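Per-chain residue numbering starts at 1, and chain names A, B and C are given in the order in which the chains are listed.
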Amino acid sequence: MPRRTIYTLGILGTLLLLYDFYRIFLVIPIDALQGDIFRIIFVHVPAAFTAFCFYGVAVYASIAFLATKNFKWDSMAVSAVEVATMFTLVNLATGSIWGRVEWGIWWAWDARMTSQLMCFLLYLGYLLMRPAIAEPQQRGVMSAVLAIFAATDIPIVFWAIRLHNVRTQHPGPVLETGALAPVYRPPFYGDWLAFVLLATAMMLVRLHQESNRREIDSLRRELHAI
Amino acid sequence: MHAAAADAVWKYFGDYPALRGASLHVEKGTCVALIGRNGAGKTTLLRILAHLSKPSKGKVDIAGSIGYLGHGIGVYDDLSAIENLTLFGKLAGLPNAKVSAESALELVGLARVKDSLAREFSRGMRQRLAIARAFLHEPELLLLDEPFTSLDDRAVDVLQKLLSGARSRGATIIMSTHQIREAMELASDVALIERGKIVFSGARSSEMLLDPGWLYRTYGEAVQ
Amino acid sequence: MAALAIAGKDLRTEWRTRESLNSAVSFALVILVLFSFAFDLDREERLAISGGLLWLVYAFAGALIVNRSFAREVPNDCLEVLVTAARGWAIFLGKAFACFVLLLIVELISLPIFGLFYNIHWAGSLAALLLVIMLSTWGVTVVGAALSAITVNVRLRELMLPVLLYPLMIPLLIGAMEMTTGLLNGNAVLSDIRLLIVYDVMFTAIALYLIDFILVI
């Protein structure tokens, strides 16, 4: 993947993000009830959406790897999972901060946060398992299978948690798109796009790193064979 | 009539090719000695033929049931000899697994200890049990990975007896080894594998029988 | 059938050594005891946490049992030989079923002891309770057996398998815990039974489909 693409995406994403932050902090009216902390929504929710996009990419890449045995799909899967997990962490952290300011507590076991935490744990397991398998083919196959299991589990997790909105009655953020006032939508979607651009850039960097590593591995083995 | 065919099979471990376009066609009823040095790819090829491993590239075609004897013993320590063989008989779909197991144990000389747990067996007895397992269901294709390595004399006897029995009922045998002498005597055909490629495949000739090193010198990279 | 033969083999070897049964039952008992020290609860509180506590115990015991499932094939390279002798789905179903039976035994032993220690009456809606237990146990063993196959050659298998297993089981445990608490409190309402069934069906299907990829690399 040419460096230029990565830089372009990265710069575009950063610029868009900066522009959006300008809009968020200086232009749009703040929510009367929640105050300034409301602005964190513009990071919190797009981060979750971005994470889900990339979990989707990871599952697609995992299935493709099992079908084609081509390692570029394995590299894509791990890169996508890493980026998605990072954005999930951003989502959890910003949600936690918001909760602290709004409700005075760092964590509330409401439906959304709990579901997100479960996603994080599932894919954290994926990232923990990979280094424990030395042989690349085996690592690729087991990771792909695990990613598919995790992806199957996620909708069921959401369903289960929603059924029981476990723990408290704390109000979840009212964030169904639709309930979001029109004036908020441009920076919201703008942030989402910015995150996707940045995430893609990060993923490409990671992909590049993976292909270098594979090349080094292969050279090393050839050397041993001589 | 091919009993086993491998067509341009590549197998990568990571980015290292253990097999580089290996092609082998084995006729039904023959006994092939697959010869090669350590690291040449014998075990990898046999595992792929036994469907234990998928080739990275290329095709494998096997006709008929398979009996596999690999490096591992493959018997359950906590089951008795008869229970071990009955299990594998059932898995192979034999109609009367227990009876087949008993006669197999007779053949390998373990009938007296059939009810003892495999963990109590000596190494030689375990090997005979493993051999019994591979031949139990009278498979059409036998894949044996260095079968004579570290066998005691009784086990060698048993194996040779079973091999000739298998040949006489028309089974195909592919036997990997780097002990050329023993293999040459039993084999009808020979294949030489070097660095993941089959460099020679054909009938066993008198030169091979008289001078085992001849094969390496003629087709392979001889030792300096 | 091949799967039954394999299940029978697992159960027979387990019965001879009783390794995982003993450790799972002991572990379950220890957890039950420890929890009684952790909290000082009145009757209502105990009933409120009853389902949660019971399924925590079952989940921990389950991890121990499924871990052994494919691990017992490692000595003597038996897994290799099994894969040449039987189809992937038969191996998986056989082992999952053996884990199911073993875990069920552990659960049925722990249940009266749980009732004893916490003074909870569990025989009320027994049929419904057993249904919940069996459906949930199947879910645990199916996912657990698949992960056992995945982690059999992974470094630090004993540590890795629980780390991967518990998050995957969360929706199943949520449903099981809620229904069990309800049943132990005298409400025979199987509100989440659909959740359990969907979980069981989906993961059984996916595991059966992917097992060949896991066993033959």
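The rule is short, and it goes like this: contacts are C-beta pairs under 8 Å (C-beta built on N, C-alpha and C of every residue); 3 or more make two chains touch, one makes a residue touch a chain.
Fair warning: this is a prediction, and the values are worked out from it, not measured in the lab.
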Chain whose averaged C-alpha position falls nearest the assembly-wide average: C
Pair with more cross-chain C-beta pairs in contact, given B-C and A-C: A-C
Greatest separation from chain A - chain, by CA centre: B
Whole-Å gap between the CA centroids of chain A and chain B: 50
Euclidean distance of C-alpha centroids - chain B vs chain C, Å: 39
Averaged-CA centre spacing for the pair chain C and chain A, given as whole angstrom: 31
Chain B, residues touching no fewer than two other chains: 54
For chain A, residues contacting two or more additional chains: 137
Shared interface positions of chain C, touching two or more other chains: 217
Interfacial residue positions of chain A with respect to chain B in the complex: 69, 135-137, 214-215, 217-218, 221-222, 224-225
Contacting residues of chain A [partner chain C, same complex]: 66, 118, 121-122, 125, 128-129, 132-134, 137-138, 141-142, 144-146, 148-150, 152-153, 156-157, 159-161, 163-164, 166
Residue numbers on chain C that touch chain B, as the complex places them: 2, 5-6, 9, 12-13, 16-17, 75-78, 80-86, 90, 216-217
Chain A-facing residues of chain B, complex: 12-16, 54, 56, 195
Residues of chain B touching chain C in the complex: 50-54, 66, 68, 70-79, 83, 87-88, 90-93, 117, 133
